[in-house]
Structure formats: structure tokens, C-alpha cells
């Protein structure tokens, strides 16, 4: 007997629906087994996680706080991924956006009217993110340099640069050696709307809708779709590939940059250690789980954020490692990754050496 | 002529694919030290037959004998063990490795640490003996195409192949390299090996082979000793005896010049000359067919006309305006439509809906878009209209295009390109691989278009199609136009001769 | 001065050992055409499990085996997803890193003894001690090379052996062909899927040793995030060494050396920003990548396996 994958005649709608569902249950089951091994009641743990993420208004707003950067960076990642541009540089783009916003917030207030500082910080931060994505995009378009590796490397450069700034020249002299810049002036704070959840949530939701519209309802989105799908066909139809890739990646970088801006102006209100706790990488997971759909990304981001917050919660309440959230994410992803094949293929068993069959 | 035992015999080989019979009851004999040419048009079943022999396909019926013994060939490895090796059209070589490494790659009896010195020595011996000069230590990327082909042949000889199958070996070679290949093949046969080679080129049949077998539509048409036949006869056999049905076309008043090429030159991806001074004129309402075997510059001709490739000389005028080396978009904007040869690779975006594929040419402009914003309702309306008009069988307009059958994919492309066309249509192999119904549909659509005043450049390998659809036929061979005929005055034998490179003083017709 | 160089070299080699193991491992994997971004997670997992093993058994050999088993198992998951299920290798690798770092942190708080309420942090176990090789270890400057632990000595051997294996043996030839041109490899009778599984798993085992070296020698014990991003540095090192195991040593020395120099600078109280120094290897890697690509376009010489991160499926006729 031999197992072969056979291409389906149409996309299996059933599989599109069932694979995430099954994956979710498998993830719950596997994590439950893990917990049971370590003599922890999985049901109580799950209840605590749910409680921690959604159980009360303050908890929910904390979930949103973690979801916002995932939404914004996730949107950035998915635009790039739609072009089959494997941008794993959201982390660096986010950091660079945060750095630029800090620069504006700390040093531009002397010559800008105070009401202009925050909008300028947002704008400059987005430009910085765009620049950070533009470098690998340009290298890809002009010299065909592999983007997975360049975007990954640039993450470190950006993060180390941020580190240099808050340990060095921008360090708060009154910070007792704490690695961070002085706090921003109040007019550079991003308004909060509920708990610590800030205006970034509105940005994310509005942008998700705008991006959905651009991708599905505009000429630009149409061209991006053709390029991502079949660059040769795009070329044949006179679509300018290099230009479109540049536009898309600048937008993608700007979105991740905005995530960084929101983190520094909305949450920490200074640039400090732990600017991003791997949001840029988790954003890739968000984009992928959302199947590159901007609207879905908003909800997936909340779900993933809930796992993170729920993980923190079980640590506080039950002394369980906060890393539970990460473990569950992994357990959710593996069956999803394996299952993605079934939307286009089905499994068939073949008996060896059937006479007359194709080899 | 004494009777030798054949080294290879294939009897009654039949191979069916879904909807197509590729080979039907084909017999083949090959004698030691001889060269057999397999001649036939594209789709005649030559490659399929050879893939059966090389273990890539399994025949549905028929038997294979090697030196009189019946054998089963289930994989390329089986074939190799029986001494059968095939040089494919696209070489199976690893660019970054050396010649010697490529030659021993995957050998089953290789020691864990191969002694490359001995391997190189053995390769040198073999290349000496068979006149296959190549340096075992050089890397594949450093070699010319001809040298790479020699590596492929050496690879087979190194593995002890007695029967070599060469699939259109000269298609990628320069004339000088082809001559050298001829010498190599003769050297090999002198050493007792046998060869089968697939070709379309008559000259080579005469120059290379001892025997020739002609296939037509999957069947064996004839077996001839090369010395006892002539190019004219072979050309007629290759093209087929079928009486051609000539479609009555309405008389049309031809309009002004839609497309004019003057001494156009271009090179292929490897930088070798592909178009060597093409001059053509097509008037509005006229269909000009380009006959010829694939690989003689058709691809490059289409690409220079659609802006996908730069010319290296000459002039292209579309509706009187200079359009050499313009971008694809500029050419599209002058009203040129393009039905690409490789419809899956260039024609559609498989993961997009049929509706979006239909809109892929006119999405830029009203009514489908206004100021960069698309109008989905109108796209859908357009799609529904096209689906009905062109009889595209699709579950819904939202179905992804890749799930359609080949014929419906082609209808989708045809619908899009015809709808957007403003005067000039470049159609490359529009009916290739389609069933009878779809083929007829495609042809009728083109005739209808020309009747409404569109100029059409039709590239096809199917002479029947050219003779029924086109008004004039130009024969392309090795980047040259061998001659231009009115299709109602052309005869297949002469066309076949020219397609295989024999010029033979036929009076050319000029506009 | 001599003393300074000698001590820098000693630190560099100690810091570089785990990088070299993981880099060689990833080179094997990438040579087969599989990009594994899960190294960070795999190193963390093997660091925590090998430390737990040595804590309870005191057996260093056994704990290395455990590390290899853990690294190999996670790698086989990646192989299954990317070869058999043809999943996106970038996402699959990231998932392994995500899962591995979460799981390592979880285990770090659960595998410890009751007395330490399940935590491994702060415990002491056996560790690999430097073994001075007589005479050689007394050499000026280079003495440090011969005063290392057994794992470092093994990696000295592993570098040339891997180079030899890759470029001079039949199996190395097959491996390279699969990463370069799977179609050709398949046509020549090489089982592409099998080769990719084998080397992804083997690479994972070496990555596992790299992780174990951290918790058993470099920084004995378990601390959260003990790798400090080394798993990602390895991705850079593979490029930096242009997929050649023999060159892995230079990258490891560069990265390890920067660590060492920085250490020194801090100690001597200079104010040269350490971050710029840290950035250097990443910028150098981007630079190498650009030059390589540009050079490759010109001549197609060496460089990334052409089929890296592309799944292979035989044409279904």
C-alpha cells in the first residue's frame, strides 16, 4: 500500500472549515495531556485561561492591548505574504517604527506645536517601518536577494539599535540605571480608550477594513493578487511587478511601524527594554492562521492575544508557567499546518503494481 | 541485406491517457549499430513511445523485447539496467557540480568515497573513444548547451547504455554543434551502440539515420530505410494523407496594415539568435498563419510582439506606429491582445476566480474600474456574459480557474482576449490540446473576429488548422521566414518540406 | 597583549562551540533543501531536557543523547510538515521555535525537584570540564585551543569531517544534488523525500548538542532563554559560511569573538557602544547575502541550495 495525495477537483470548503476546528480540538487535547502528565487539571487550567483573557472587562482590555500590535503587524505581514514575499521582518519594522516615534516624541517638541507631535510621531514611525521593509524589498526586486534571510537579519539590527539608544544616548538620566528613555511628554501619549487599550485598536480595525477594500476592490489589490498568484501572467497583462512589490512592502512596513509607534506612545510611553515580545514573529502566525484575510486577522489576533494573556493569568493564579500560551499556540499550529494540504488534496491509498496504471 | 536480430523490439504498444490515445499498436525494431529516426508532428506520440521505453510511462498494452528476451520496464532504473538511456530535452544536470560528479550521481554501486581520479580517468577514456570532448573537472554552469548534452550522453554511456534515446537533440544546438552531434552518434554506432532519435527536421533524418519510422496521430504510418526514401515522401507521410476540409470564408475587404515587421531580430534566453530578420505584413481583417515546428523562433516572435522580449534589430509597427521594445502595457493599450502559448503558465492566475481571470485585461478601465476602484458587480456581469457567450463550463464565476478543464481554461483566455481586442490578436497555439468541439469553437471565433476587421497572427503546428483558418501562411524555420503562401494555393507537401528546412526553390508570394 | 588575545580566544571558542554544532546541523538540513527556522526552539528544548537529565542522573553522556533525541524529534516534526505535508517551511519553522521556547520554559518550571517547587532554575548539576591537552595547552596564545571541554574537541573534528562528507563522499553528493536540483536527483534514482527527512533529523540532532553545550558547559544550569537568540544567529552563520561546514568556524569565531571583545570592553570600562559591535555580524550577513546573490547571478558558482525552502513533488502525469 502506498499513500498518495491526489489533487481535488475544487477547493474543499469542508476542509477549509474543518481543519481549523479539528486543529483547535487537537491543540486542547494535546495540551490537556501535557498538563495531566504534570498533575495539573486541564479543565481548571482552561477555565482559568479563559477567565484570564475574557473573564472581566479589565482582563479583556489587557487581551486587546496584546492584540493591537498583532493586528497591525499581522496586516503588514499578510500584505507581503499575499505577494509570496516572505517578510519575516515585522519585528524589526515594529522596532524601527518605535524608535522613530520616540525620536519625534522626545526631541521634536521643541520646534513643533504640541498638538502636532503625536501625529508627526505616528507619521515618522510609519515611514521608518516602511524604510525598514523597503530595504529588503529593493534588494529583492533589483538583485533578487532572498527576503527571508534579509528581513530576519534586519530585525536584529533594528532591535540592537533600539537597545543601543535606551542603554546609551537616550537613557533616562533619572532612571536609576533602568534601561529606557525618559517618559514622553503627555501630549505625545496615544489616548487610551478602555483600560490600557488605546487608539491603536481603532487604527487596526479601520486599517483592516481599508486594506480589505484595497485588496478586494481596487485596481492595486487586483494587480497584487495577480502578481502573488502568477507573476508571468501578471507580466503578460502588462502589470508592473517591481513597482507593485515596492508599494506593497512599503505599506506592510508602515503597518508594522505603526504597531511599534502604538506600543511606545500608547503603552510604555517611552522606549524601553521589551519593546516587542516577539510580536513581529507572532504576527506571521496571525497572518497565516487568518489565511491572509485582513478581517480574519483582527479576530485571530484577539485569539492569539488571549492565549498569551491567559498564559500570564494561569501563572499568577495557578503558578503554571506563562509559557503555556506559547505551547498551546504551537499545538494549534502543527495540525493546522499539516491540515492545510487537505483543502487542495485528498489522501488516497494505492496498492502497488496495479497493472496498467501510470508509474 | 542480411537479417540481424534486433537489439530492441517493441510490439503493439498502446498507451492511453484520459481522453487521448497517445500510442496505438505501435511496433518498433532497432538493430545494433544502427540509428533509427522517429519522425512526426508534435503530438504524434513519439515522446510518449520513448517514455514508455525509458520507464517513465507504463504501456497499457504491448510487449518489449531486448535481444529477443521479453522484459518489463517499470522505472528509469529498470531501463538503465537493461542498457536503455534517454537524453531528455531539458537536461537532468546539477549546475553547481562538476561533470564527473554529475556522471556518477545516483549510481548504485558507487563506493562510499568515490575515487574521483579514477572516475575522471574513465570519463576521459570514454570521451576519447566516443569523440565526446568535455573536461570532467569543469562545472556544468561553465559549459555550453552542446557540451551539456555531451555530458548527458556520457552519463548514459558511463552507466553502460547500449541503446540511446535522444529527444529532439538538435533543438537546442547551433548548426555546428548539430554537425558534431552527428559525428558523435556515428562514432557510437561504430562502437556497436544503437540510437533512436526523435526529430522534426528532415535534413537530420537523412543525415543521421539508417531507418526512419513515421508516426502520425499515435499510429505508426510507415517504416523506411533512409536510403530508400526521400524528403518529399517523408514530409507527406508526416503531415498525413487526410483530405483537408477547407472552410468557405466570406470574401473580405482587407483594411490598412495592422502589423508590420521589418527585418526583426531577437535572441533567446541563452543569447543565441532566435529571430534572424523577420519581415511580415498583416492587414486588418486578415489572418496570417505561422507554420513551423515549435522551437524555430515562434516563442520569441510572440514575445517581441507583446513587449515581453527586446528586439536586437529591425522595426515593429502596429497600426503604423513604431512599437519596438515597448512595455507590455503600452502594447496592450494600443489594442493588441495575446493568447499565450503556455496557457497555464502565462494565461491565467489559477488561484483567482474565473470572473477575475476574465477581467484581467480590462480591469483598468471603465466600466470595470473607475479611478482605481473596481466595480465587482460589473466584473461579475461581464463574467456571466462571457461564460454564456463562449460556453465556458464552470460551476460558478467564482470558481478558481485552476479547477477548470484545459478547454475551458482556453475559452476563458480566448473570451478575455477577444473581448479586449482592438484590432490585433496574437494567438499562439490556440487549439493545442483541446478536444474536437473546443478546437472548432476556437477556430470559428477567430474567423468571426477577422470578419469583423481584426488582424490575427496565428501560430500553430497544426497545418490543417492553418489551411482552414488562415488567409496566408508563412513558414518559420530557424528564425527565418522560408516562404509565404496563400492558404488556398498551398499544398501540405511543400509546407512540410519547408517546415523541415528544405527550401527547394518554391516561388514565394509577396503581398 | 598576548594574554589578552589568549583570553579572547578562549572565550570565543567556548561561546562558539554551541554555534558551530547548530550551524553544521543547519547546513546539513539546508543542503537538502529544507529551511528550518525552528533552531531557537530546538536549542532551548534540548538545553532544558539535557540539563534535567544530568541533574537527575549525573550522566553527561546520557544527557547528550537526550539532547540529540529531543532535537531530532522536533526536526522530524518539521520534516513531516514540510516534506510530507508540503507546509510552508517558514511558518512551520517559526511554529517550532514558538512551541519549543514555550515548552522549554514550561519544562523548566516543572522538571525540577519538589524541593525547588518544580523549578530547574538555580540548580547545579555536573558539567563538562575543560580537559587540558598536555604540552599543547601550554602553547602561548593558542594554548586555549587545547584547553577546552570534550564537546569542543569533537566539533574540531566535526568541521573537517562534515566538509569531507559533503564534498567527497557518495552520500554527500546525493545530499547536495537534492538541495540543488531535486528533479535531477529524482531522475537519477535518489529518494528526495528520504534524503530530506534524514538530514533534517540529523541536523536537528546536532542542533540539540549545540543546545546542550549551553546548559552543560557554557553557562551550566538552566535559565530562562538561555540561548539568547543564538538560534537566529545560526541562520545568519549558515549564510555567512556559504553553506560550507568548513567555513562555519569563521562565522562562529566572528560572533563568538564579538561576544568576547564586548566582554572585555565592558570590563575595561570603555564607552564604545556594544550594540554597534553586535550589529556588525548581522549587517555583514546581509552584505554577504547581497554579494553572493549578485555573484551567483553572474556565475552561478556557490551559494544557497537552489531548491531551498521549496517543496518537491514529482509531476503527476
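Each chain carries a letter (A, B and C) given by its place in the written order, and its residues are counted from 1.
Methods note: contacts are C-beta pairs under 8 Å (C-beta built on N, C-alpha and C of every residue); 3 or more make two chains touch, one makes a residue touch a chain.
Just so it is clear, the model here is predicted, and its values are computed rather than measured.
Chemist: Look at all chain centres (mean of CA atoms) and spot the one farthest from the centre of chain C.
Modeler: B
Chemist: Across the interfaces A-C and A-B, which one involves more C-beta pairs in contact?
Modeler: Spelling it out, more C-beta pairs touch across A-C than across the other pair.
Chemist: Distance-wise, how many Å sit between the C-alpha centres of chain A and chain B, to the nearest whole number?
Modeler: Distance between chain centres: 46 Å.
Chemist: Taking the mean of the C-alpha atoms as each chain's centre, how many Å separate chain A from chain C?
Modeler: 27
Chemist: Got the chain C residues that touch at least 2 other chains?
Modeler: Answer for chain C, listing residues that touch two or more other chains: 317.
Chemist: What residues in chain A touch two or more of the other chains?
Modeler: 358
Chemist: Would you please write down the residue numbers of chain B that are in contact with two or more other chains?
Modeler: Touching at least two other chains: 57.
Chemist: Spell out the residues on chain A that touch chain B in their complex, using ranges where they run on.
Modeler: Interface residues on chain A, with respect to chain B: 9-11, 216-222, 225-226, 229-230, 232-240, 353, 356-359.
Chemist: Using the touch definition from the top, list the residues of chain A that touch chain C in their complex.
Modeler: Residues of chain A touching chain C: 7, 34, 38, 86, 88, 139, 143-146, 148-150, 152-154, 156-157, 160-161, 163-164, 167-168, 281-282, 284-285, 288, 319-331, 333-334, 337-338, 340-341, 358.
Chemist: Can you tell me which positions in chain B touch chain A when the two form their complex?
Modeler: Chain B reaches chain A through residues 55-58, 60, 74-75, 306-308, 327-333, 338, 340, 345-352, 356, 359-361, 363-364, 369, 372-374, 376, 395, 399-400, 403.
Chemist: In their complex, what parts of chain B are in touch with chain C?
Modeler: The touching residues are 57, 76-77, 92-97, 101, 104-108, 110-114, 116, 139, 141.
Chemist: In the complex formed with chain B, which residues of chain C make contact?
Modeler: 168-171, 173-174, 176-177, 180-181, 183-185, 187-190, 299-302, 306, 317
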